[in-house]
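Taking it in order: structure first as structure tokens, then the write-up.
Naming follows writing order (A, B, C and D), and every chain is counted from residue 1.
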Amino acid sequence: MSEYSQFETLIPVRPDDIDMNLHVHNSRYYDYVIAARYEQMERCYNMSMEAFLERGFSWFARSAYIEHKRSLHLGDVAVVRTQIEELRSRGVKVWFEIHKQSDEKLAARGWFDYAMVSIETGRPQTIPSDIVEKYSI
Amino acid sequence: MSEYSQFETLIPVRPDDIDMNLHVHNSRYYDYVIAARYEQMERCYNMSMEAFLERGFSWFARSAYIEHKRSLHLGDVAVVRTQIEELRSRGVKVWFEIHKQSDEKLAARGWFDYAMVSIETGRPQTIPSDIVEKYSI
Amino acid sequence: MSEYSQFETLIPVRPDDIDMNLHVHNSRYYDYVIAARYEQMERCYNMSMEAFLERGFSWFARSAYIEHKRSLHLGDVAVVRTQIEELRSRGVKVWFEIHKQSDEKLAARGWFDYAMVSIETGRPQTIPSDIVEKYSI
Amino acid sequence: MSEYSQFETLIPVRPDDIDMNLHVHNSRYYDYVIAARYEQMERCYNMSMEAFLERGFSWFARSAYIEHKRSLHLGDVAVVRTQIEELRSRGVKVWFEIHKQSDEKLAARGWFDYAMVSIETGRPQTIPSDIVEKYSI
């Protein structure tokens, strides 16, 4: 298991998230994870995405994997748990699970692999040590 | 002013709501109002959209109007206030305002005009008296 | 009727446009009109949105109105027709109609009222005469 | 390499696909692949999603993987190529690549793993032989 902390964010399902299959549209699960990470960057890592961008950095999603287990529906609240799985010199792999709040059943799980990039050049950057420290909780 | 009650729902801005102008995408304001109304149908009118659909009814948006005043941004929470402006035998006009939670400034306002329709036929229906009563608060 | 030219853009409905009512999500009609205008700015007015932004200008939607007539469904192609209704010193009112390509039936119609703004300050600007000329066709 | 045919669909980028990073929002790449597969089901496999649903079947995405290589931007057209990688008794793994039309550079690639399910029960189904045949091109 990962040595890093696990964080949790609640995302209420909105009607515009529901697709013609009458459940949350598959690609919205990624949006829920991103929304959770943004909220956690500020609240848990003490460095908001805005502060990140001001330093000239951004995260580029190099790859992502997801397994869908059960669908979320109108009225549900998604519990999004994330955790750093691997912290590399130039990137980070983030594990996630999405549960349905009402019965705690697993809706989806997977991971994102991010590279830290310069906004200016778009090229990969070594993560500065103060940011490594913030993320090492 | 309207004789009907005003209700309020908080919608946190998600990163996927932000467009290339770096503020909440214009058409998402409609989605915020719909999300607020769904939440209020259940909590304030005691008749969830699901209950509505089970009775064979749905709301068809015949027309909508919006004025954009100030943009909402990443990290903002939208305060969506809605109020019935007019309750007709076959429809309802709903007024809305969207404020930014942090400074209470007006982001947008407008209205939706809905017809009650039969799910089966898609045709306009007279709103049953028990539903008129629920909405007359 | 308006003295300005009418332009037409085809927008194929995508599965992610369909909502739980099994037709194109209401707020996506706005996105179809915006997509049509972007395409027409380049093809019909000879000034792409990118060129617009490079000059330091952007359009701010002050208000919008829409009437929904018939729904668009999976597999449909939307025919989006737009036309300038009014060209003011600091803004433009754009009329639109959306038809279903297969039977030419009206799906929705309405208008957008845009102010020209400075990207830098966000404040309204007088439309430069060369741009007025481009839009006066 | 796969023994199955490769198919191609063009998806024009819409302004509402662009996010605050000024390129196509990551999760929209999935939507582009789904849009391509729907179009190809009808045009290439001679069995539209509607025909599929009428037979009481649907596809459930069990898992998906994506690698992002280069971003797509406003004005780009996505060339979505898909190909069956594996056809199992109860599911199918679909490979995809998304290229930018103007320079043919790779934007993203990955796969979806689908299970065929009954709409009624949501449970996995053996793919009927006539559908296996349609997909074996």
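Throughout what follows, contacts are C-beta pairs under 8 Å (C-beta built on N, C-alpha and C of every residue); 3 or more make two chains touch, one makes a residue touch a chain.
All values reported here derive from a predicted model rather than from experimental measurement.
A.B. asks: Select the interface copy of A-D from among C-D, B-D or B-C: the correct pair shares over half of its contact pairs, counted by residue number.
C.D. replies: B-C
A.B. asks: What chain is the most remote from subunit A, judged by the mean position of CA atoms in each chain?
C.D. replies: With centres defined by C-alpha atoms, farthest from subunit A sits C.
A.B. asks: So, what's the distance in Å between the C-alpha centres of subunit B and subunit A?
C.D. replies: 29
A.B. asks: Taking each chain's centre as its mean C-alpha position, how far apart are subunit B and subunit C in Å?
C.D. replies: 24
A.B. asks: Starting from the mean Cα coordinates of subunit A and subunit C, work out the distance between those two points in Å.
C.D. replies: Centre-to-centre distance between subunit A and subunit C: 34 Å.
A.B. asks: Which subunit A residues touch at least two other chains?
C.D. replies: Where subunit A meets two or more other chains at a single residue, that happens at 15-16, 27-28, 31, 34, 74.
A.B. asks: Show which residues of subunit A lie in contact with subunit D when the two form their complex.
C.D. replies: 21, 26-28, 30-31, 34, 58, 60-68, 110
A.B. asks: Touching subunit C in the complex: which residues of subunit A?
C.D. replies: 15-16, 18-20, 22, 25, 27, 74
A.B. asks: Which residues of subunit A touch subunit B in the complex?
C.D. replies: 11, 14-16, 28, 31, 34-35, 38, 42, 48-50, 74-75
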